[in-house]
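Same chain, two partners: subunit A is paired with subunit B first, then with subunit C.
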Partner chain A sequence: MGVRRSEFAVEVRELSRDYISTRRNHLIGKKTTTIVKALDHISFEIQEGELFGLLGPNGAGKTTTVKILCTLLEPTGGHAFVKGYDVVKEAKHVRKIVNMVAGGERMLYYRLTGRENLTYFADLYDVPRKEVASRVNRLLELVGLSERADDEVEKYSKGMKQRLQICRGLINEPEVLFLDEPTLGLDVSIAKDIRKFIQEKIVKEQGKTVLLTTHYMYEAEEMCDRVGFLNNGELVAVGHSEELKRKMPLGFSIELLVTRLSNETLEGLKHLECVKKAITTDYEGETEDEKIDRLVINVESDKAVPKVLDYMSNKHCRVVAVNLRGPTLEDLFMFYAGET
Partner chain B sequence: MFLRVVLAEARKNLKQYFFTVRVLFWTLALPLGNGLYLYFLYLPFGAETVSLEFSASSFTVDLAGFTLIGQLLYSFFTMMLLAGVAFDRERWQGTLESVLLSPANRVAILLGMAIANTLNYLWLLVGVMISWVLFLNVNILIVDPLALFASILLSYLSLAALGMSLEAFCIHSRRAHMYANMLQEPIMFLSGLIFPLQSMPEALLPVSYLLPLTFGLISVRLTLLGGASIFDVAIPLTVLAFMVLIFFGLAIWLMGYAERSAKAKATLTQF
Partner chain C sequence: MVTKVMALHSLRVIFAAAKFNLIITLRFFSGTAIALRLFAPIMTLGSAWILYNHIYQGALAPEFGSSGYMSFIAIGNAFYVFVFAAAFVVGRVMFWERAAGTIEATFMTPMNRLAYMAGIMVAAALNSLIDFAAVFLVGIPFGFQVTSPNIPLFLSSMLLTAFALFGVGLIVNAITLTFRDRTTTANTLMILYLVFSGLVCPIELMPQWAQMISKVLPLTYGLKIMRTSLLGVAASGVTYDLAILFIMGVAYVLIGALTLKLIEKNLKKKALLSVF
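So, the complex of A and B:
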């Protein structure tokens, strides 16, 4: 094995990745080259046994980061270490101690049974022969697939396939596990089971280090010790979610469900002294005869609530519901993604 | 570890891609149909035998046998081309990442895929041979079993190695499938599969002699149907042995190069 060069489970230093695409506009015309910076000098580290969330909108660079750390992609700049091993120069060592689970229904062989899939991957990872059967059985039991272990994967539901993927990700008992949107497209109860499984079995019981990427902010809020926000390839914030929320310059949020909201009223609201930001978000609801809009208003303190309500009343808007809350990860996400 | 990965890969490929009634049926039906088509195409011209000339020797073999061996080796070549696009198949079904994420030896994975295709080919070989020998009375004349064995083995290895080279290339590019299809027809024409090499325009012969299928066809036809000895087929066997070394070396080098290049260019999991 190589020499360990980092005290962290994962260490990323000034990591960059450019995607270069060339295209010829005409059959014999000149080629034009486009460079997209998927990652722009990002740095972060993950402690042993930590569940770290990497958050960001589509195209922010989350999957690119995971692929580099799993050795599936080479960076164009910077360095990354997993358990001290360089992911480029010591890729073979890294592959032995990591695994990845991606969302969606990929990475499994549908004509093989669940057990055959796991046995195949156990062979690829050189799991000791004597342990293969017991490890496969234990993993299948852990995710509740024992009874369907000998059915072909094509007969599995989406949730079952995802649970089997998690077994595949654990087949080599990885020290660091990368979960790239592991609950993508799953229904609420299955996603909840999977989150619980990751937190309790993988992190707490087995002490594994996990890097999770997700779009679902409640998922990150519920699961992660620390989070990092990526936007346009840049890591714009890293830390404990409570700490990030405290530092967030947006203060409180008032959520209003209102009727008779006009553009003029919304624009006027934005100009109130106590209001920092005001946006309408998707909401499908209506009273007996009127459409309901959902307003999220960022204010500095709770003292702004009566002022906002007075304003809405003066503008003849009917307030159906009011909710005052501190910033959530979703607010942070919107803030860092530049959508507030 | 190496052997374990080879076997695991072969088992997986057989179950995932070949063990269905439909695949097994068409594996047998297509070459059988194609071979019969060629045989009956030649019959009206009154050619019941075909003269094969190579180097200074000349052998006469019967038409059914000539077509049979041509079709069998061509089917094997096609199957190896199919093995060649196995990584492309993995790419499309979304499993390539999970395979390359593992520390398993890449050459062992290639070999496993080639072995699965070979086992599938054995089914074709036995089925087509039995049908032709029983129904078309192919005249088999084996004088030197060692020469026959060497011819079959080296033909197999050279075509398998060619397939593996292509397979490695598939990691690099999603266009490999297209190249495999492009190669198929010209190779069928140039290798002497449909007609003997001496009927080929001389200008094209140098290209024919670059193909392992050409030498495989010569050596197997002569040793199985023409009663040739090991000395008669020494040249094609030597050429085949060189081709085995070249293509295996190329496959091993390409595998490493293609994976590195695909990771650098981000084409590894591109659909």
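So, the complex of A and C:
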């Protein structure tokens, strides 16, 4: 025990979690047992100092994974390590170096003020006494709660509670921070501030590791170095998001604004090997008295761009603007969510 | 070194849990709340007074002692609030934390769970001192009187009883969490104590089988010691009870600590930390 040290901040090996629920249809009816395989032998790792996104549809198993990693749930199979410590056998050590923030309005004492909540948790985490007051103030400042710090939490709005939760999640300066939909219910500007803080301060500056789950794809796009897609308890893809997009068979769209486009050129374009589909739409506007056409071309990979441009110039079309729209994380999400 | 750090952290946890739980309970404390807390002792002592003076016309078995029925009842009632602290506060704290959604946040911290529960008990006991004092105050006009009190003995009876009841509270805590039952366990325990601890009727007057039950309830001994300390009986008579109460306290707390460990494990196994 405790000998095995991993070089990863988080290492998940063949992790499984079954939920067994029994129910009776009537008060004294027969019991029926159903087993939900919330996690089915998933494996992945998160590098030290990485911001990793765990994505997937509702019920995919994201929260289950997070809860196991922060010692709130026992796996039914497999292993998980945080900084090399086994989350089951060395749970107490893991608890010192992790923290978790979930979306929703739980995990706070409503009758205590914001400041009291944070001070209380600082005590439970054994934060050095001399640092408590200044750390609490700094965190409250960060999320813009300083002025409401001495109001009871029950008097907070939903977003204020969520902001206070984020402070609670940072109170022990965790080495690994788990964020389960942390910006749920936050207004645009606060959410942006918090994303920025996590990215720049926590990850870049302090070198901490973060696992983020979110349903906002732009959030994952903006923040995560690598992402994993969970679906039905299985990890269907994991890697750098750019890499995943490149590998995706859905392909890219090239949007061109061109002049002197003839029907003949368009037909020829459609027959290029790298082109899957090409359509023209009218474009309002002209340049040097020439009519501009808008062309949307679906291609398999971004490697098709030079081929398309070469073809256009061979046909004496003048390209005024190019816009390559790769698959977004949203496209990836839709793609992987469809897989079972 | 490591153990010293751990011990200091545990002390800090006890203190913090006690402090913040007192704040939580007393934050919205008002004049009405105080009046309400006087209501129960007035009703109990009042009805005992009516029973004693008007129905039984002051007839009393010698087992009640020389200080009179009202003193007997007042002390029994005062102690009852301690049972309440253990059964209803310690015994249900995690149940409520789970309902309120704070249990995941507290279980995620590396704190010592037993220290945390001890802090809750301290808060509950301090809070119940209000009721404790209220019973005695209400008792005075009804005829409660103290004859040559033995303060050290009085305090030890309170401390030792609170300690043993803490152990009982831990066990109740495991039961309420496991069976997802809010009140039955605590209520049953309250009634068990009410009937079998000699709160309203001396043990000696109870049938043999009831006396057997009373022997495993720590409150039985605590009550006897406290009555001795307040009613001018020689302390030497309760040395045995002091020892039993102490040993029983250690045993209950050990069992309670074990159930606390097991219940946490069980909740995480069965995914019951975020249910209601």
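Following the convention adopted for this analysis, the second predicted complex is superposed on the first by the 256 of 340 C-alpha atoms of A that agree within 3 Å, B and C clash if a C-alpha of one lies under 4 Å from a C-alpha of the other, contacts with A are read in each partner's own complex, and residues count from 1 in each chain.
In the analysis below, contacts are C-beta pairs under 8 Å (C-beta built on N, C-alpha and C of every residue); 3 or more make two chains touch, one makes a residue touch a chain.
Only a predicted model underlies this, so the values are computations on that prediction, with no experimental measurement involved.
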Subunit A as common anchor, with subunit B and subunit C clashing or fitting:
clash
Touch test for A:H271: subunit B only (first), subunit C only (second), both, or neither?
neither
Touching partner for A:R106 - first (subunit B), second (subunit C), both, neither
both
Would you check which partner chain A:K130 touches, where first means subunit B only, second means subunit C only, and both and neither mean what they say?
neither
Subunit A residues contacting subunit B in one complex and subunit C in the other 19, 70-74, 92, 95-96, 98-100, 104-112, 116, 120-121, 123-126, 168, 172
Subunit C partner contacts - residues on subunit A that touch it in the complex
19, 70-74, 92-93, 95-96, 98-100, 104-112, 116, 120-121, 123-126, 152, 168, 172
Which positions of subunit A touch subunit B when the two form their complex?
17, 19-20, 67, 70-74, 92, 95-96, 98-100, 102, 104-112, 116, 119-121, 123-126, 168, 172
Sort out for me which residues of subunit B touch subunit A in the complex.
1, 4-5, 7-8, 11-12, 15-17, 20, 93-95, 97-104, 260, 263-266, 268-269
If we count contacts the way the header does, which residues on subunit C are in touch with subunit A in the complex?
9, 12-13, 15-16, 20, 23-24, 27-28, 100-102, 104-111, 116, 265, 268-269, 271, 273
